[in-house]
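What follows is a pair of complexes built around subunit A, which joins subunit B in one and subunit C in the other.
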Partner chain A sequence: MELIQLAVPVLLKGLWVTAALTLVSVLIGFNLGLGLALMRLSSNAFAAGFAKYYSNVFRGTPLLVQIFIFYYGLGEVSLIRDNAVLWWVISDGSRCAVLALALNTAAYTSEILRGGLMSVPAGLVEAAQACGMSRILRFRRIEFPLAIRQALPAYGNELILVVKGTSLASTITVLEITGYAKRLMSQTFAIFEIFAIAGVLYLVVNLLLIAIIRSIERYLMRHEAQARQAISTPRIDGSAVI
Partner chain B sequence: MEFGLWQVWDAGWVTAILRGAAVTIAVGLSSMVAGLLIGVVCGLIKWARIFPLSLLVDGYTSVVRGVPELLVIYLLFFSSVEFVTKVITAFGYAGLAESGYAFVIAVIAIGAISGAYSTEVIRGALASIPNGHIEAARALGLSGGRIFRRIIAPQMLRIAVPGINNVWQTTIKDTALVSVVGLQELMRISYIGANSTRHPFIFYLIAAVVYLVITLVSQAGFDGIERLLRLRARR
Partner chain C sequence: MKLKVLSLLACLAASTGSALAAEGELSIGTEGAYPPWSMSDANGNVTGFDADVGALLCTKLEMKCHFVVQAFDGLIPALKAKRFDVIISGMSITADRKKEINFSVGYAELANMFVAPKGSDLAGVTDVDTLLKSLAGKKVGVQAGTTHAHFLEKRAPDADLKTYDTLDQMQIDLASGRIDAAFADQSALQDFLDKPDGKNFQLVGVQIKSTFDPTLGEGIGVGIAQENTELKAKIDKALCALIADGSVGNASKKWFKTDISRPCN
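So, the complex of A and B:
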């Protein structure tokens, strides 16, 4: 009981840091990922090649290595040390973690969105072209809404990976749930209890994210829900006849 | 002082890094094997819905997949460290504690994580085997073990290959996390190199390149396996 009174407020303090890290890096990472997915599908060979290599490099190396390169490594490069803005970004652990997480999730997001964009039927895009829609209007009205519906379940998994990725920020001095949990473990020696409390916090965050994604999915797919109802009502009658 | 690739080579860091890479691959392979064993057993339990066990497996996979890997590693490492050092010194193998112990804990931790993901992959592969195949085998009077060996396992493995590829890629990347508990693998060696030479950029960059080579080579290998299996399916 005493332990819970000691550990829960500390870990809740970490929860906010974890949530903030997740939110900022997802916001940046989603937009970057969308840009990369468009580059990957563009006819410009240089842009497509860059996006491909970017995603291979970031998906092929551990996040921990990326975080260490940004936090410990980049400070050595004089070009970055002399630039005030870049130095401001990498001089702080949490900003550095956000940078690494955002760039990392951008790579995964670009693959997910690319799959979604490729699943848009070519006929629909051609029809929009035939209607005289401009490229931007076509993307906004036809391609993106269809792609995001396809990509949403996979993107939900990626969000959970980002939440889990924020735990690595504890290796570069940022105290979030895992960072506080490690400190509490070495202070109290109640290792399993601390793990359980921290684990529950992570599970709550993940369940919340899943619930949000599900509700967005249901909102986007509301036409199908109505259609399914319309079909299923007569089918029940039909089975009664048989 | 300019510090480049030549200085890394000159100071003998290359052999250290290669040894670290070998440890990384060894940890990755051992935990992948452990994870696949866990995955097949738990996947079968989940697929067949063996009542009390399937609840346990559900708990295991959702906890391990929802909680950061680092936290799982801290749990296993901190909770075992006292116990194991006591046992080892009691048996008089104090020297062994340095090298073998961290490796074993790393394999247990990464294997448990990789096992949770493998379970889902195997369960998905099992679910996509047509029920009629198993019923037909049962109608022919094959025993349970033989149905598994001749009907379920070959199809399951073929369907599971792309998923196993994904699990392997995450497993090899997760091995970087055990560096925080002191196993001398690629990441730890780079950390030591970065700290002792005070040139972190080049050491972490080399580590990134080595990881990239490992993942790209294994990706090519899995692509080859998938092509092989596809050809055989077509004939």
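So, the complex of A and C:
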């Protein structure tokens, strides 16, 4: 009990850092990922090739390795140390973690969105073209909304992975949930209890995230819910259809 | 026959207490990344002052040494989980740690010091109180789970403490200017100053002895599981003999160029 009183306020401090790391990296990562997905699907061979290699490199290497390369590796390059802007990013553990997480999640997001964009029926796009919609309008009104509807379940998964990935920031001095948990561990040696509480905090964040994604999903799929309801409504003679 | 069964049972009882010690082998947990105390190479060979102390101890106890390398902040949990029999890893004896594990007599004692860039405000400080006050708002590196970390958490709460899993990582950040100062024991800092990376740095001229604050411990000892009282008695006796005959002192001179062995009382 005493331990909970000691640990929970400290770990809650870490929770805000975890939330902030996730939020900023997802904001950057989603936009980058969308850009990469569009590059990948464009007819420009150079852009498509770049996006493909980018996603392969970042998906094919562990996040921890990427974080170490950005933090310890780039920190040794004098070119970066002499550049005020680059050093501002690389010098700080949390900014470095955001950089690595954002670039990493961008790679996964680009694949998820590419799948979504490819699932948009060609007929709909052609119809929009026939109506005289410009490319941008077509993307905004037809392709993107349909793609995101397809991609959302997989993207929800990716968001959860980002939340869990933030725990690796503790290896580069960032005090988020895991960082504080490690510090509490060496103060109290109550490893099981401390990390159990830390685990519960991650779980709560992720359950909340799942609930939010679900409700967005339900909102985007509301036409299907109505259709299903219509089918399952009992007929007048009382015999229910599956 | 009965005797055989009994001795078998005795063997079994001993082996549940400490699986490896029963076979005449002493498994030693050490960090392996804390020069010159404990360094491990890519092949897993451990060298350094602690490796020498371990080897001396094993010879005295007529056991075979076996080193297990693991990050410092995980050593005590691993000892409690019986992953090895003892910890020899430059570990200071502190009240907090004593709640978890037992310690042998102290075998060494070092001064704790700060290192800072040459010519910085911190570098010129000459007394402890001014030093601790001037740490407010400064980024100070310490190794996770060390007495140094606990000391600063208690005595310099306004410092922006950066904790590192290994000393190497802390030295990289010190060299790259991410942190304003680092706190560790003198030997570890001297090791950094002797490297090319350390050429623009200097020791802050304040030695903080373990008598200054209880968080800094009572010298450096061998960590032993609490229930293993028999092993503690054997190790204490062997260590005292090794300190008295100068073996530990000689090992210390080899690695630190000075005798840091702590007289056994």
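Observations on the structure shown:
Keep this in mind: the second predicted complex is superposed on the first by the 233 of 242 C-alpha atoms of A that agree within 3 Å, B and C clash if a C-alpha of one lies under 4 Å from a C-alpha of the other, contacts with A are read in each partner's own complex, and residues count from 1 in each chain.
Here is the rule we go by: a residue touches a chain if its C-beta (ideal position, glycine included) is under 8 Å from a C-beta of that chain, and two chains touch if they have at least 3 such contacts.
These numbers come from a predicted model, not from an experiment.
Considered on the superposed subunit A, subunit B and subunit C are sterically incompatible, since they clash.
More residues of subunit A are touched by B (comparison of subunit B with subunit C).
Using the contact criterion defined above for the overlaid structures, shared-chain residue A:Phe139 touches neither subunit B nor subunit C, since it reaches no partner. By the document's definition of touching, of the two partners only subunit B reaches A:Pro62; subunit C does not.
When the two structures are aligned on the shared chain, A:Ser91 is found in touch with subunit C, with no touch to subunit B. Contact with subunit B, but none with subunit C, is seen for A:Leu168 once the two complexes are overlaid on the shared chain.
In the superposed pair of complexes, A:Arg81 makes contact with subunit C only, with no contact to subunit B. Of the two partner chains, neither subunit B nor subunit C is touched by A:Phe50. Once the two complexes are overlaid on the shared chain, A:Ala181 sits against subunit B while remaining clear of subunit C.
In the superposition on chain A, contact is made by A:Ala198 with subunit B only, not with subunit C. Touch criterion met: A:Tyr72 reaches subunit B and subunit C at once. Among 19-27, 55-63 or 91-99, the region of subunit B with C-alpha atoms clashing against subunit C is 91-99. Within subunit A, the residues touching subunit B in one complex and subunit C in the other are 72, 75-76, 171, 182, 185-186, 191. Contact residues on subunit A toward subunit C in their complex (touch as defined above): 72, 75-76, 81, 91-93, 171, 173, 179, 182-183, 185-187, 189, 191. Across the complex, subunit B meets subunit A through its residues 62-63, 65-71, 74-75, 78-79, 169, 173-177, 179-180, 187, 190-191, 194, 199-202, 204-205, 207-208, 211-212, 215-216.
By the touch rule above, subunit C contacts subunit A in their complex via residues 73, 76-77, 96, 99-100, 144-145, 149-150, 153, 162-165, 169, 172-173, 176-178. Of all residues in subunit A, only 56-57, 59-66, 68-69, 72-77, 160, 163-168, 170-171, 177-178, 181-182, 185-186, 191-192, 195, 198-199, 202-203, 206 touch subunit B in the complex they form.
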